[in-house]
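This structure is in structure tokens; I'll ask about it shortly.
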Amino acid sequence: MQQLENLYRQIIMDHYKNPRHKGLIDSDRYRTHHIKNPSCGDDITVQSAVKDGIVKDVRHDGSGCSICCSSASVLATLMIGQNIDSAQKLTDNYLNMIMNRPVDENLDLEDALAYQGVKQFPARIKCATIAWKAFEQTLKEWSDNDE
Amino acid sequence: MDAHKLKQCFPILTSQPLIYLDTAASSLTPKRVIATMNEYYTEYPVNVHRGVYQISYKATERYTAARQTIADFINADYEETVFTRGASSALNLIATSYGLNNLTANDEIIVSELEHHSHILPWQQVAKKTGAKLIYVPLNSEGRITTENFKKVLSDQTKVVALTYISNVMGYQTPLEEIIPLAHQKNAIVSVDAAQAAPHKTIDVKKLNCDFLAFSGHKMLGPTGIGILYGKRELLDKLEPVEFGGDMNDQVNLYDAVWKETPYKFETGTPPIAEAIGLAEAVRFLQELDPEAILNHEIALKQKAVEALIKLEGVTVYNPTSETGIIAFNLDGVHPHDAVSFFDQENIALRAGHHCAQLIIQWLKVPATLRASFYAYNTHEDVDTFIEVVKKARDFFTSVGF
Amino acid sequence: MDAHKLKQCFPILTSQPLIYLDTAASSLTPKRVIATMNEYYTEYPVNVHRGVYQISYKATERYTAARQTIADFINADYEETVFTRGASSALNLIATSYGLNNLTANDEIIVSELEHHSHILPWQQVAKKTGAKLIYVPLNSEGRITTENFKKVLSDQTKVVALTYISNVMGYQTPLEEIIPLAHQKNAIVSVDAAQAAPHKTIDVKKLNCDFLAFSGHKMLGPTGIGILYGKRELLDKLEPVEFGGDMNDQVNLYDAVWKETPYKFETGTPPIAEAIGLAEAVRFLQELDPEAILNHEIALKQKAVEALIKLEGVTVYNPTSETGIIAFNLDGVHPHDAVSFFDQENIALRAGHHCAQLIIQWLKVPATLRASFYAYNTHEDVDTFIEVVKKARDFFTSVGF
Amino acid sequence: MQQLENLYRQIIMDHYKNPRHKGLIDSDRYRTHHIKNPSCGDDITVQSAVKDGIVKDVRHDGSGCSICCSSASVLATLMIGQNIDSAQKLTDNYLNMIMNRPVDENLDLEDALAYQGVKQFPARIKCATIAWKAFEQTLKEWSDNDE
């Protein structure tokens, strides 16, 4: 039970119940990436708008469990305002944390730290990473196009 | 049937605390089925057919006997019992070979929203390619296929009726005993998805008088990698193979070839030998347990569980009247994938999702469900624990703010 | 590679006196592959995908890792590696999905008389249904496919080249390294039957640059019931599935559905889970043994055997120059099925017949052949015994009046 | 070796090398049955002509191993002149002998007795029985049509 309480932290539940930056925007200022997890049905679309090397906005929409949906909201909150380089570093750090790999303690994941508990639940790792991987893809498009 | 004693036959149930309620996805594998496949791999691990040396002869004998055992299990003839990769593959064979070659734009195919994707998508394809119309039996208020509603869609244009024997989400039994004669009056053929029936029911294809029927090994105490297609002899005789190659022909020339008779013409290449021999052992085990006894046992467990669940606040059961061991339910406001982690922590294996049956999930107007499926190796204590954990889960999720 | 030590890894070779010379039909199964499948059936015998509880997650992980192991083995990507029922099924998938949808009456398909039925009949069907022409590469005097002869039939109409990597009767290797670039110059795609290559050769699909390639588990130390289809990503992306149902779709509506990406769109239903996990273990074993070392070993054995056989009166060898462990031969005047009983009495397992390759048997102008196929677990002593028994068999049949 | 010598008896080799009653006849006085053994490629056609309840002629053709081909010749020799009833009884007896089941010692299988050795070779039983089973089918047709 301990572990499950560790998973469903208040921050996570708050983002699940009151998602920030939710809803997609139809504009070419955004790069969009959609990921579906066939193994459990999570289905998330993430958008990012980058200008002058800075993440101006992140949007998300989709359906899935609390871990999946909330993490998209947490992601958006964390990323807006970061430059591309630190956005990528934060993403790496988050994924490393979830996968139980070494992390850079100096980077502040803020609310996303609440997802530490996921590593006890290997079957839920995909839920916690799907939005971040979609976001990473949009970042990649921005870099590929030299923004 | 003594479920406590039975648990001893399943290695995974003796090695760890596990309440396995996911038999509708795959049944567990008993020791003797594992041992039978081991025997093949250690004592005569060679190819069948055309082998004239002793161990190859032994393999061929066992493989041939396995088909007969499985044929007898459903009261089919040897020639009517085709080995496939699984139920999905068998259902596709029917649609591809019978459907594509016999249907036209004037025909109708009756299906239902209770079908597993593997019994709906093949007929969607046939409809697309032949122009035939896909007609859904309206489900009644409980989500059941009824004879009454079936009559409403049956017409002179009906050429194929493709229905599940038991729904893998709702656990309902389709009244095929009534539906099949009606379909035959219109000269329609009936394809039955028996993936959920074979593990729990005595299937008698002659009595049922279905035209085709399919099921999978891994759901009935057998191995992965094998399924069965049953077809009436006179239909199989006329059917074209869908795969061509080694072992399914009598004579090969540069530009043409002659097929063997059924069942061989449908089985090209090296067959699933270990799997067929393993499945036959599973069938013997099922026969010893007696499918009717299994069904009665699982219904008793299900009944007990449903009665407790419907009394609980914050829990919704979608199929309280199902006549098998399957319960589809949800904790209100909790996504099934969140819920399932809780059960997992308590060593209860449940399934969450659309169970490859999105149409009935859409019909239920939910994003997904939890599914508990009880089987022969579950006990009344399993039910008690399950109900306790449902309560704890509901309370937990409420406490963290769901 | 120490063949004597290796024999210890195969239960059947330690439990009885057996000289197994039928690996080209099916290889024997090593202990560790059997153990790996047992582990699945005893410790986590559940369905993959959509299972969020721990043992299901473990099954999914192992199953996913198995695909990656097998993909790496042939230097393919994960997405390019499709699980099928066997090589025959994989070769049919190529012909059905690529062939039927891309060929027309103006096109030509190049095949050979060395093909196994499973690589000729699917293309015969495509030819019949699309009107495309089946063109046979003329074999040279030894019965080989040569680049020179291939050039004679390659034309601007060539759309598909379907050739075996290694012949299961003659043991010849096709010069695909030269043929594939030539075919690509004409924009033809190349389908490679690697059923006899995978057990003995390091296959590198990227270097070979073939478009499709297929092989079977049971011929490469793995289980029955599984095979592999490799296809280039860009081709698989465009290919239509041939079977439809559970697990291969993202979204199902009443009248249409959306497929998943490759490899999943080709794999409907519960996959061969135990088989995939077992095959990955076989691949690891093969990699440890080193395919090149296996091939060198078996060629040495074959060479030794052929040199002895061609010196014998009353014995005909059809492929003295084969570059694998396969020997096709006959005792003059003795039907192979009579001969094989003699070998069986002496605990030597040989195959007799047309080996699912009637065209090359017709080309040889014999009713059938004996086939001895040497593999990693055969020893030089096996060769000596084999030769002794050939002599005894010949003398015996002469003495009784053949 | 003993066993194999038991299998390849002189009588068998003689019928193999010099088959009697070989070659099919195209006439409606004959009933014809063809059997192919997919497991080893034996391929035999047997014909019988019955008149007034007596087997007037038996013919055979096909290809296969010595056991298969010779047994068709032996069969023909034995059956010509029998009445339908004893032809059926002899067939049953022969099949029982090969399958190692109880036999009627009073029936004289003549040359067919030489096939006793086959029961030591289960993998060859099909070879020794295929012609007899084809013959049995033709008998059945005669009886079905009330001859």
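Read from first to last, the chains carry the letters A, B, C and D; within each, the first residue is number 1.
Heads up, the rule we're going with is that a residue touches a chain if its C-beta (ideal position, glycine included) is under 8 Å from a C-beta of that chain, and two chains touch if they have at least 3 such contacts.
Bear in mind that the values here come from a model prediction, so they are computed numbers and not experimental data.
Student: Tell me which chain's centre, taken as the mean of its C-alpha atoms, is farthest from subunit C.
Tutor: Between subunit C and the rest, the longest centre separation is with A.
Student: Starting from the mean Cα coordinates of subunit B and subunit D, work out the distance between those two points in Å.
Tutor: 45
Student: Just how far, in Å, is the C-alpha centre of subunit C from the one of subunit B?
Tutor: Measuring from centre to centre gives 31 Å for this pair.
Student: At what distance in angstrom does the C-alpha mean of subunit D lie from that of subunit A?
Tutor: Computed from C-alpha means, the inter-chain centre distance equals 78 Å.
Student: Identify all positions of subunit C at which a residue touches two or more other chains, and write them in rising order.
Tutor: 50-54, 56, 247, 337, 341, 344, 352-353, in rising order.
Student: Can you pull out the residues of subunit A that are in contact with at least two other chains?
Tutor: 40-41, 123-124
Student: Check the chains against each other and report every pair that touches.
Tutor: Inter-chain contacts occur between A-B, A-C, B-C, B-D, C-D.
Student: Within the complex, which stretch of subunit B touches subunit A?
Tutor: Touch residues, subunit B against subunit A: 335-338, 341-342, 344-345, 352-354, 367-368, 396-397, 400-402.
Student: Can you list the subunit C residues touching subunit B in their complex?
Tutor: Residues 11-12, 15, 18, 20, 22, 25-26, 28-29, 33-34, 37-38, 41-47, 50-56, 84-89, 91-92, 95-96, 113, 116-122, 124-125, 127, 134, 136, 216, 218, 223-227, 242-249, 251-257, 268-275, 337, 340-341, 343-344, 348-353, 355-356, 358-359 of subunit C touch subunit B in their complex.
Student: Any idea which subunit C residues touch subunit A in the complex?
Tutor: 49-54, 56-57, 60-61, 247, 250, 260, 264
Student: Can you list the subunit D residues touching subunit C in their complex?
Tutor: 1, 3-5, 7-8, 10, 13-14, 17, 40-42, 63-67, 121, 123-124, 127
Student: In their shared complex, at which residues does subunit D touch subunit B?
Tutor: 36, 38-41, 122-124
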